[in-house]
Amino acid sequence: MSRIDGRTPEQLRPVTIERGWSKHAEGSVLVSFGDTKVLCTASVTEGVPRWRKGTGEGWVTAEYSMLPRATNTRGDRESVRGRIGGRTHEISRLIGRSLRAVIDYKQLGENTIVLDCDVLQADGGTRTAAITGAYVALADAINWSRDNKLIRASRQPLTGTVSAVSVGIVDGTPLLDLRYEEDVRADTDMNVICTGDGRFVEVQGTAEAQPFDRTELNTLLDLAVAGCAELTTAQRTALDSVLER
Amino acid sequence: MSRIDGRTPEQLRPVTIERGWSKHAEGSVLVSFGDTKVLCTASVTEGVPRWRKGTGEGWVTAEYSMLPRATNTRGDRESVRGRIGGRTHEISRLIGRSLRAVIDYKQLGENTIVLDCDVLQADGGTRTAAITGAYVALADAINWSRDNKLIRASRQPLTGTVSAVSVGIVDGTPLLDLRYEEDVRADTDMNVICTGDGRFVEVQGTAEAQPFDRTELNTLLDLAVAGCAELTTAQRTALDSVLER
Amino acid sequence: MSRIDGRTPEQLRPVTIERGWSKHAEGSVLVSFGDTKVLCTASVTEGVPRWRKGTGEGWVTAEYSMLPRATNTRGDRESVRGRIGGRTHEISRLIGRSLRAVIDYKQLGENTIVLDCDVLQADGGTRTAAITGAYVALADAINWSRDNKLIRASRQPLTGTVSAVSVGIVDGTPLLDLRYEEDVRADTDMNVICTGDGRFVEVQGTAEAQPFDRTELNTLLDLAVAGCAELTTAQRTALDSVLER
Amino acid sequence: MSRIDGRTPEQLRPVTIERGWSKHAEGSVLVSFGDTKVLCTASVTEGVPRWRKGTGEGWVTAEYSMLPRATNTRGDRESVRGRIGGRTHEISRLIGRSLRAVIDYKQLGENTIVLDCDVLQADGGTRTAAITGAYVALADAINWSRDNKLIRASRQPLTGTVSAVSVGIVDGTPLLDLRYEEDVRADTDMNVICTGDGRFVEVQGTAEAQPFDRTELNTLLDLAVAGCAELTTAQRTALDSVLER
Amino acid sequence: MSRIDGRTPEQLRPVTIERGWSKHAEGSVLVSFGDTKVLCTASVTEGVPRWRKGTGEGWVTAEYSMLPRATNTRGDRESVRGRIGGRTHEISRLIGRSLRAVIDYKQLGENTIVLDCDVLQADGGTRTAAITGAYVALADAINWSRDNKLIRASRQPLTGTVSAVSVGIVDGTPLLDLRYEEDVRADTDMNVICTGDGRFVEVQGTAEAQPFDRTELNTLLDLAVAGCAELTTAQRTALDSVLER
Amino acid sequence: MSRIDGRTPEQLRPVTIERGWSKHAEGSVLVSFGDTKVLCTASVTEGVPRWRKGTGEGWVTAEYSMLPRATNTRGDRESVRGRIGGRTHEISRLIGRSLRAVIDYKQLGENTIVLDCDVLQADGGTRTAAITGAYVALADAINWSRDNKLIRASRQPLTGTVSAVSVGIVDGTPLLDLRYEEDVRADTDMNVICTGDGRFVEVQGTAEAQPFDRTELNTLLDLAVAGCAELTTAQRTALDSVLER
C-alpha cells in the first residue's frame, strides 16, 4: 500500500525545527511535521506556583492551543466560548507531563517555565510535534537561564531528551506519523513519547473502531520507538547549530 | 513485598457491583473497588446531538465527577469555580470512548445514553471502577430500552463487554489495582481498558518518576489483562442476577 | 383522603440517618426521608474566610447540589453549564443559615466547617432532609475536632439542635413531609426549620397557586412543629449510638 | 423605644410611587421606601420561553440587581465577576413568584413580561420595595398591552394586587419596614408578601441571632399585614392617577 | 434642515447636572443630555491595584453599564450572560482614560476612585454624557477626600476639566449632540473629549457608511470644540453651586 | 532626532505581506511591520448570523488575539481566564468595522467572512498591521469565493481598499508607525485607517500624557495619510503577484 504522500509505512514526514523564532521568548521553536506547524515558546519566570513555594524546586507546565483556522473548517475560539475544551485540556496536560519527565526540579531552583504550543496549521500529529518542538524550546530557555544566572545550579536541570510521534493502523497496515486524512481513517491510534535512550514516558493507544490485540500493539510500539529515535536525532542536530539571538 | 492491605501484587481489591441503585435511572450501578465507590447512572433520551441528526445512529457519552469530600481533603466544586478541570474532562472523555468501543450505533437508533459516574468515595482507581460499573449500567439501560420499545433493533446494540483496571510499578514491583497510597508512590502508572475477549480498547501508561522500558510495559500489560478478565466475570455475574425494579 | 404511600396527613416518611458513611470526612451522614437520599459530609479546616480573620470566631457554611440523575429526568450539571442556578444558591444559603443558628462562633475558634449536601436521589423534601442530616454530620465533625484538639474551647460550640420538614396544602388538605408527586400538586408549600426546643429558625411559605390565609398558615405550622420534634428525636437516637470510624 | 428616624414601631417610611419614569418601557415606576429607591421597568415581548410554547399561556419573570454604589461601600458588579450571586438569584426568584401569584396566564396569551428591578439607592427593604413597585409597573404594562391589542383577552390578566414589607425584632421590639441600620441589628427578620385582600403570597422569616417563638411570629405577621394594607392603598392611589406618556 | 426636536445643527440638547444624587457615594451626579440620563457615582477607597502599590500614586478607573430597559428594546443583562460585551468594555475604558487625563496621580496619593456610570435611560450620546457627568462626580469626590484628609496633598489632584460630546454627519449636514434617531442615520459619527482649555483628550471618528474627508473632519471638530466649551460652562456652574449632603 | 532603529520620523518600518500562508484558509496573509508579525486568515462560510437572515446581504467580522508570548512578558491566555479583555474586544471591533467600510453587503450574498488576526510577535502597531494584512486576506477570500461560485454577484463586493497606520508624538516630535518602545513614551497616540483614495474610515487619537491641540492633530493626520498611501501600494503589489495555492 502506498500512502497519500508517497511515504513508506515506517517513514516520518519531513521534520523541521527552527530555533530562535521569536525575539521575546527565552526559547522559541517553529516545528513542522509536514504541513503541521506548531509555534513553541518557553517563558521563564522567577518564582513557582503557591503550592510549591519554599521547596527550592522549580516547575514546568504547558499550554496547547489551536488558532481558529489551523484546521480545514474554522473552530470557535475557546476565549470567545469562555471555556477550554476537553481535548485542549488533555493535550496541555500531556505536553507538561512529558517535559517534566526529563526535568530535575532541584536544579531548576524556584523558577517556572511555561511552554506555549500554538498550532498555526494542523495536519495530524499536532500534540507529538508540539512535544518534540517544546523540548527544544525548553532546552534553549534553560540554557538562557543558566547563562543569565537565573538558574544557578551547577548541574544541568535536563536529565534527558524527549520526543513524540503518532502511530496507527489504517486499513490493516501499521503506519508511522499519521497525516490528518490517515488519522480519521485509523482503526487504532497511538501516541508514544520516548526519552532519547528509547524508554517510554507515555504510551496512549486508543481503539477508534476495532479493539486491538497484543501483536498489533507490539508492532505499533516498534514503529514508534524507531520514529522517536529519528526525532531525537533531529532535535540534537537543531540544538547543535548556533543560535543567533 | 506485602501490600498495605495484605493483597498479593496480582490481586484485585474486593469488587462489588450493585445494580438498580436508583429508582429513577434506566440503568444504575453502585460499583466499589475496595473503598473506591462510584455511582454510575445511565439516562436514555430520544434524539441525538445536532451533528448526528438524520444519520439513524445513536450516541453514548459520559460525565465523570467527584463529590467535594470524596477525597481526603475537600476539593472545590467545579460548579462553584465555574469551570471543569482538565482531569475531569480527560476522564469523562476516556469513559465515553471506552463504552462507545462496544456499541453498534445503528442498532441503538437515534437515541442518546448518558453515563453519569459520580465518585462518592475515592481510594485510587476511580476511572477504572467507573468504566467497569458504567458498562453494567449501560447494559441495563439498553435492556430497558429494548423492553420498552425505545430501541427497536432486533440485534443487540452491545457488541461486547468492557472493563478497566489500573496497574503500576511501586518500589520496583508491578502491582494490580492500586489504592491511593500505592498510586502516589508509583513510578509508572497505567490504565488498561479491555474487551471481554482480552483485546485492548485503550492503554494509557505514564511514567510518573522514571521512564519505563519495554519489559516493564509487558509485565504491566500481563497483570492488567488478567485483572480485566476477573472484572469481566464479576460484570457477567452481576448481570446474570435478577434485577428488581 | 389517603396519601399515595398510605400515610396519614400528619405522618413522616420512614427516616434513616446513617452516620460515618465516608471514611474521609470528619462527619458524614447518609440521610433518607423515604426515597429522598442525601449524602451530607462535614469538612473541617483550620482558618476562616478573609473577612473573618483575626476575630477569633469560626465559620460554618454549606453547599447543596443534586446529582444529574437524582431526579426523574436528567438535569444538566451546573459545572458543565459553568454557573450555579438560582435554586441551588437559594438552598445552599438556607442550609448554611439554619446550621449557623445553633453555632457559637467563639467556641468554634478560627476554624471553618463546610457541609456538602449532595442529593443522590430526590423525591421531594431534599432541602429539609439535607438540613436534618447535615446537623448530625456537623455534630460529629465538632466532636471529632474537640477530640483532636482542633477546637480547644471547653464549652460545646453547638448551642442546640436543628431539624427541618416540609408541609403543604394538597387538594385542600394540609400534609406533612411531601413527596414529589404531592409537592407538584400543592397549593401552598412551606419549609419550616426548628430548633430542638420547638422555636423557629426559618419559616418559608409560598403560595404556589392560591394565596393562603392565617388559619391555613397556623395549621401548617402546627404540623411542621410536630414533624420537627419527631426528627429531633431521630437525630438524638442516631447521635446516641456508637460511631465506629 | 424611639426609632432612629423617629417612627413608631408600626409605621412605614414615606412611600412614593412615581409612574411613567422611563420613556421606553411599557410600564415603569420609581418606588421609594424612605431612602431606598428602586427603578422597576416592565418590558412586554411577544412569545414565551421555549418550554411554554404552544400552551396559549403567558409568562412573567423578574430580575433584581443593585447598582455598585447603591450601598454604603461599593460592591463589585456581577457582570464583571462573571456570575450572579446567591442573594441576587434569591431575590429575583422571589419577585417573579410574587407577581405570578396574581397573574392569570391564560388571559395574558403567549406574551412575556420581564420586570427589571434595579436598586439605585439602598437603605433596607429593597426586595419589598421592588415587589411593591414592580406590581404597579406590571399593571401599567398590562394596560398598555391591552390598549395596543397585544393582549386580546377580554378579562383582566391581573387577578389581584400584591405588595410586600419587611418586619423584624430589634432589641426585643417588633418593628415594621426596617431601615438598614435596624436590619443589621435585628434578631429576626421577616419579609411578608400579601395580596390586596390580606392573604399571604409568601412568608419568609429568618432567625438572625435567636430562634423566634410562635408568639413573636404572630406579632410580626400582624405588623406586616397592616403594613401591606397601607402599601396596597398607596399602589391604588398611584394607579388611579392619570399616566401621561 | 430642521432637526427632529427643532434644534439647530450646532445646538446641544438641554443639559442638567444634578449633584449629590446619592446619599452613600463620595460624589454622585445625575446627568441628562435631553432624554439620555446617566447616574455617575464616584467611590473613593484607600489603596491602589496591586501593580501600583508602593508608587505613592493613585488610580482612577470607570465602569459603564446600561440598565436592561434603558433602550427601546430590552437588552439582556451582562451579569446574566456571564460576560461583558465589547461595547461596554470599550466605553468603560474610554471614560477612565478621559478622566485620568486631568488627574495628577501624585497628588491623589495611594487612593483609588471608581466612577460608575449607569445609563438609566438612553437616547444617544450616553458615553459623552457619562464623561461629562463623571467629571463632576469625580471633582466632588476629590473635594470630599481632601476635606476628610483621605487625600492630604496640598495641591489639587485635578489638573483641568474634561467634557465630551458627539458630532456626526446626517444627510450631509454636520450636527452636534446626536439623538438616537440621528445617530443611527449618521454617515459619520464622532466622539470628541476636550479639556476646559479646548485641547483634545480623545478624538474617535468612525465612518458608518461613507468614508469622510479632511474637510468634513475639520467641520465636525469645530462643532465639537464649541459644544465642549458649553458643557465646560455647565460643569462649572454646577460645581459653583452649594452641595448639600 | 534619530529614532531607535534609524528611521526618519515619516518613515514606515519594512513591511512584508506574505499571501497564501495557510493551506486551509480561503485567504491568509502573514503581515509584518518590522518585528510585528500578524497572521491574518479569512474564513468563508455560507449563511449569516441570525439577525441578518433573509436580507440577501452578507457579513464580515473579525477576531483579534495575541499569542501569550507575543510580547516581552508572557500574558495569560484569555481562554484560560475564561473571558476576553477590553483591549481585545476593542481591537476586534475596530478591525471588523474597518473592513466592513469597503464591503458591499449585497454583492456578498448571504455569506459570512471571518477575519482572524493572531499576533505571533508584537512590537507596536499590531492593530494597524492586522487591518492592513486582513484586507489582503479578505480580497483573496472574496476572489476564491467568486471563482468557486459561492459568491455569484457580477459586481466585486469590495468597494475600495483599506489600510491603517499608527502615529504619535514622542518627545515633541510627530512620528509615523511607532515601535513598542516609542509607543510607551508617546504623549499622543493615534491610529488612522484610510481608504485607498485617502479618505478616513476611522480616526482614533488619544492623549496619553498631555492633551493635544489642533495643530498637532493636523500634523499627525498628514503623517498618517502619507503612511497609509504607502501601505496601499504595498497591498496592491502583493495582490498583483500570482498566488499559488
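All chains are identified by letter, namely A, B, C, D, E and F, in their written order; residue positions are counted from 1 within each chain.
The working rule: a contact is a pair of C-beta atoms (placed from the backbone, for glycine too) under 8 Å apart; a residue touches a chain by one contact, two chains touch by 3 or more.
Quantities reported herein were computed from a predicted structural model and do not represent experimental measurements.
**Student:** Starting at chain A, how many touching-chain steps does it take at least to reach chain E?
**Tutor:** Each step joins two touching chains, and the minimum needed here is 2.
**Student:** How would the chain D/chain E interface be labelled, same or different, where same requires over half of its residue numbers to be shared?
**Tutor:** Copies use mostly the same positions to touch.
**Student:** Would you mind pulling out the distance in Å between where the CA atoms of chain C average out and where those of chain F do?
**Tutor:** Using C-alpha averages as centres, the distance is 59 Å.
**Student:** Taking each chain's centre as the mean position of its Cα atoms, how many Å separate chain A from chain B?
**Tutor:** 28
**Student:** Could you tell me the distance, in whole angstrom, between the mean C-alpha positions of chain A and chain F?
**Tutor:** Taking the mean C-alpha position of each chain, the two centres sit 32 Å apart.
**Student:** Do you know which chain D residues sit against two or more other chains?
**Tutor:** Counting only residues that touch two or more other chains, chain D contributes 82-84.
**Student:** Mind sorting the chains in ring order for me, with chain A at the start and chain B directly after?
**Tutor:** So the chains, read around the ring from chain A toward chain B, go A, B, C, D, E, F.
**Student:** Under the definition above, what is the set of chain D residues touching chain C in their complex?
**Tutor:** Chain D reaches chain C through residues 83-87, 89-90, 92-93, 97, 101, 160, 194-195, 197-207, 211-214, 217, 221.
**Student:** Which bits of chain A are touching chain F when the two form their complex?
**Tutor:** 22-25, 28, 35, 39, 41, 43, 45, 63, 65, 67-72, 74, 77-80, 82-84, 88, 114, 116, 118, 120-121, 123
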